[in-house]
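Note that subunit A is present in both complexes that follow, paired respectively with subunit B and with subunit C.
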Partner chain A sequence: MKFSVFGAYLFKDLFFDRGRSFLTIFSLTAVIVSYLAASAISDVFLEFGSQPQTGSRNLLIVSDYALDPMQSKLDDSILQAAAEVVRQEFGPDSVLSAFPTIYRTLNINGRNLRMLAVPRENLMRDSSLTLLEGDWPESDEHVIVTQEALQLNGWKIGDRILIRGSNLLITGRVQEEAARTSAIWMTYDGGQKLFNVQSDFQIGVLQIDDSQDLTTVQAHLEQDPHFPTGYAVYLNQQLYERYTDIVRDFLKAAFSIAALASGAVILGTFNATSLTMAERKQEIAILQTIGFTSRTIRLFLLGRTHLQTLVAFCLAWGVMAIIVQNSLKFPIVFYAKTAVLRLSPEILFLGFLLTMLSASLGVWLTARAQSSLSLADQLRE
Partner chain B sequence: MLAIIRFSLQDMLRHYKPWLAMAGLVAATNLIFLGLGGYRNAIQQEFGKLPYDDLIVQESNSNGEFFGSRLSPEIGDRLLAMGISRAIPEIHDYTGTSITNIIILRGIDLERYQEVNFFKILAGRALQPGDARRTAMIGWRLADRLNLSPGQEMTLRGRQFLVMGTFQTGTYVDNEAWIALEDAQALLGYGKDISIYIIPDEGILNPGDTLPGGVAIVKRGRGPQTSSNQFEPLFRIIELIYNALGIAAILTLANVLFRMAWIHRRELAILRCVGFRACALVVYLLSQALVLTWVGVILGTLSTALLFSFLSTDLVGMTLHPSISLHTGMAGLGQSTGIALFGTVLPAWWFNRLNLADQLRSE
Partner chain C sequence: MSTNPSECLIQGRGLQKNYRRGKVQVEALRGVDLDVPRGAFVVIVGPSGGGKTTLLHLLGGIDRPSAGQIRVDGQALETASESELTRFRRDHIGFVFQFYNLLPSLNALDNTILPLLARGWSWKKASQCGQAFLQRVGLQARWQHMPGELSGGEQQRVAIARALVGEPAVILADEPTGDLDSATSREIIQLMVHLNQQLGATFIIATHNQTACQYATRTYEMRDGLLSPGLEAS
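Up next, the complex of A and B:
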């Protein structure tokens, strides 16, 4: 059969049965939307559950008992001692800089947010921050804010925010290299005043020269007897990775939902396609009687089903795109780490594959059941 | 009418495959509904309204009822000087180096903690003034997690503490270990500092007030509530999945019912001709829909119960135990019945529009 004849017959048939074709398409759309939404949630949790590798050359020193960096406490003598251990072993130029960081988890507008205070030159140079808009902090009352924090709290550059009784001016919008976190950065002097601290801080940062292997330096520091006891050394991603454990169990739940939605998409598609076939047993038998081969009929039915599934998938994609766009206003935030729903190409591809496969399965199983009957039996049904 | 129902159910059994798939879809919808409800209930129970009317004095912008607040003892003196009748100090923090060994810790003033904390002792006894150093009382969930009972020792940051008793409050607090304030100060390196003061709501200070030095007054229980609110965006999306599946179930059901009725359009038309009224079609469709959705509800409820029986969720040292409440179960049944009703309306309306003579001629 010519492709044009095949196509014309297909469209005519769908048009003739348009009421139920629309019903089938809409029910498939709803099933596919639920699958895509569930997969997108799993993706969000995957994002929470993984800390991306960065090009950071920083080693972070914190108290060994601290789960949250905010629990850590060290002073400059510890930081300098650690820097000296590295210089002794790896050469005087192995440590590019050693600087303190004040770290707090704050609750602002009912949401957790990280606040970090770093000496200004290190903030600009060594903190893996990219200034997207505005200026770096010039004074103790200036802060720069990640775009996630700006978006979550509805702030903009030039706004003043009240933290611990101080009116801080937002001078810039930044992006962190490592992860999407809701964070405020300020100068170390500003942090000392804001949190009323003298010489102690939470994280000591050693910036290691490019020529050194970061993990080797870390391993050496942890084993060197001159490294102060009661402290631990982390790579950037290792320190924050521990937060991701927090959502470990929710990751399981999200995967369960995605698996459930996959099951639903298979059942829903199978149902819609197999019923179309069951209802047309007689017409199919008539077509076979007048000379259509069973292969042609199966192809026709497959084409019909795939066309409906394709339209449903495109509709579902559109609906999900609108949902994703709207969900940007309500990001999911756990412990200052932010994630938003998104439709990755992998999710779309897998969803498309699943729906098409289950649609084909529906056609194949029903066609197989029907072909086991004689033509006369089919006509009598 | 019974004849129609019997005919409808016999027909359902004859074409059981699409009905099984349909029941699976309803079960999946029900499972997500009950799962979501179970988690919402668990979070509401753990972090919802606490039975206290007190206020908390904490470091500004902190979540002092969990951790992150640190106040000097002078704040307590200042509160009393303002005329506050009592300011009971507590330390709220946690120990552990990973999510698997985290323990939520509360340092309590042994003289006065029972004035502001309600609990039931399940085993052993409560801590009391004059108890030896390094003694603890622990919530039943923590006792369960660490397999501890009174008389045994537990380790907090490398130090051994003797468990004197286990308690129950019915909230997230059941995951906590309580030790004397002085022990907590020594263990956590607080010096003389504390985390929060619990004060009565006497009108002298109100929620939202601030004190110089970055000190804020909040309603007791607000911190846990704020923490639980973190889940709302997630729940909203899961709700979206549930709604989409619900719509899919209604449309697919309508589709299945219509197609089943279409296959038997001649038999149904004959029934009309021999005296059955138009509502017989509705009964035919609705009986199939109700049986199907109720089978789906039973499957969904059993699967959820099975899932909940081995699924507990650890969350920063707290264990959530979702469960199906009677209210959620009934709501799930109601919604599934709604699916059956909505799914029946469209094919019934559609089919009743068809000409009876055409249906009789259909073979």
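Up next, the complex of A and C:
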């Protein structure tokens, strides 16, 4: 059969059967949209559940009883004692700086935000922050805000925000190296005034020299008898994980959703294509009787199914693009960390592959089941 | 379609066909011998379930016998592979069914040219040929109509045009008038007789319709899986 004839017959057939074709395309679209949506949600969960490795050289000291960093309480004597332990073991230059951090979680406009206050020079140099726009805080009433917080709250540089009765000025937009949370950063002095604290803070930060292995220093600190009891030492990402046990459930949920999504797209596509095939048994038998080879018929059915599946995939992609676009207005926030739905090339490629393979499998298995019947039996049916 | 009346186009010897329908073993053919000369107009009559359809399926390469030999237009069918049978049906046989079996998605002309498309013809060349055959069956004006827009008689005419368009050696018609009223049935039989005489194609018709017998060059009766010869006409 000539290719042009093949194509013409394909389109005539699809056009004549347009009611059923549209129904098949719509049901495939629904299945593929479900897959893409579930995969995108799974991606969000994965984002929450996994922390990027960072180049941070900071060790964080917090009270070991604290379920949330906000509950931690230490003072400068603890921080200096810890710094001394490191210097004793690893040399006087092993600690580049030791500075306090006031940490709070605030609820602003119904959303959680992290608020951190560190000495100005450490804020600019040692906090793994990149200033994207604007200026570093110059005074106690100045704050810099992460991109995520700006987006969530609709703030911009120059805006004033009212927190605990203080009118704070946003002077800059920053990006965090690690967790990319929704956060407000300010000077330590500003934080002390805002939260009315004197000498205690929540996190003590030791910035360790590049020549030292961070995990070795961490392990030594925790075991050294001179390290103050009642405190624990963490790397940046460990601290995040320590206070977000739920991330493990997020990871499990992410993988479960991804598995369910893949299963749904495989079974859904298989079902839709094999059902269409089953409905055309009589026509297939007539074509075989006339002299069309099984191979030609299978190719025709594959072409027909792939065309429908391709259209359905493009439609589903379009639908998901609209959903993703709209979801940007409503970011998902967990533990002051924000995420938005997105369609990664990996999700799209895997979805396309699974859809096409399932469609082929649907046609191939149904055709094989049919060819196990003799042509005479098929005509008799 | 060359016509040489002395040549035996179809030869069947000791044809048997057994198959299972559910738990029941059916003996559809119980040793059938058959000789059909080229250009004949053969009518097989007999009650339903007598084995007429099974015999046509064997002669048309749709099914294989459980035992016996069939030779059609020089080709042994009982040993042919599936792909050889497909090619045989495409090149040597035209089928007409009781319920027309037209493809609902194609118009009258496109249905007619299907055997040519299966042979690899272009749509344009096949359409020109198809128009000529639709004219022969009196449907040249209705070539664009879909099967659903045609009467039963018209659909059967399209099916006959489709069976003839590839100029096969044999046309097998299984109850071609079974779904038609008596007037239309007569028209269809007369059309087939006319085409047999005009084109020289060999027709084998299985039917309940006794009027077909009056046009037959040879008649058979099929009953309980056995074929017995009837009257031989001129």
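Just so it is clear, the second predicted complex is superposed on the first by the 353 of 381 C-alpha atoms of A that agree within 3 Å, B and C clash if a C-alpha of one lies under 4 Å from a C-alpha of the other, contacts with A are read in each partner's own complex, and residues count from 1 in each chain.
The rule is simple: a residue touches a chain if its C-beta (ideal position, glycine included) is under 8 Å from a C-beta of that chain, and two chains touch if they have at least 3 such contacts.
What you see is a predicted model; the values in this text were computed from it and never measured.
Look at A:D13: by the touch rule set out above, it reaches subunit C but stays clear of subunit B.
Of the two partners subunit B and subunit C, more residues of subunit A are touched by B.
Of the two partner chains, subunit C is the only one touched by A:S374; subunit B is not.
Shared-chain residue A:F352: touches no atom of subunit B or subunit C. When both complexes are overlaid on chain A, the residue A:W136 reaches neither subunit B nor subunit C.
Of the two partner chains placed by superposition, only subunit C is touched by A:L287; subunit B is not. By the document's definition of touching, neither partner reaches A:F255: not subunit B, not subunit C.
Within the superposed three-chain model, A:I41 lies in touch with subunit B and out of touch with subunit C [touch as defined at top].
No residue of subunit A contacts both subunit B in one complex and subunit C in the other. Across the interface of their complex, subunit B is touched by residues 19-20, 23-24, 26-28, 30-31, 33-34, 37-38, 40-41, 44, 64-68, 70-71, 73, 104-108, 110-112, 163-165, 194-196, 242, 245-246, 248-250, 252-253, 256-257, 260-261, 263-264, 267-268, 270-272, 274-276, 278-279, 323, 327, 330-334, 341 of subunit A.
Per the touch definition, subunit A reaches subunit C in the complex via residues 1-2, 4-5, 8-9, 12-13, 15-17, 282-283, 286-294, 296, 374-376, 379.
Contacts from subunit C toward subunit A in the complex involve residues 54, 57, 60, 62-63, 82-83, 86-87, 89-91, 95, 97, 101, 103-106, 110, 114-115, 117-123, 146, 162.
Of all residues in subunit B, only 15, 17-18, 21-22, 24-25, 28-29, 31-32, 35, 39, 59-63, 67-68, 93-100, 102, 157, 189, 210, 212-214, 223, 226, 229-230, 233-234, 236-238, 240-242, 244-245, 247-248, 251-252, 254-256, 258-260, 262-263, 307, 311-316, 346, 350 touch subunit A in the complex they form.
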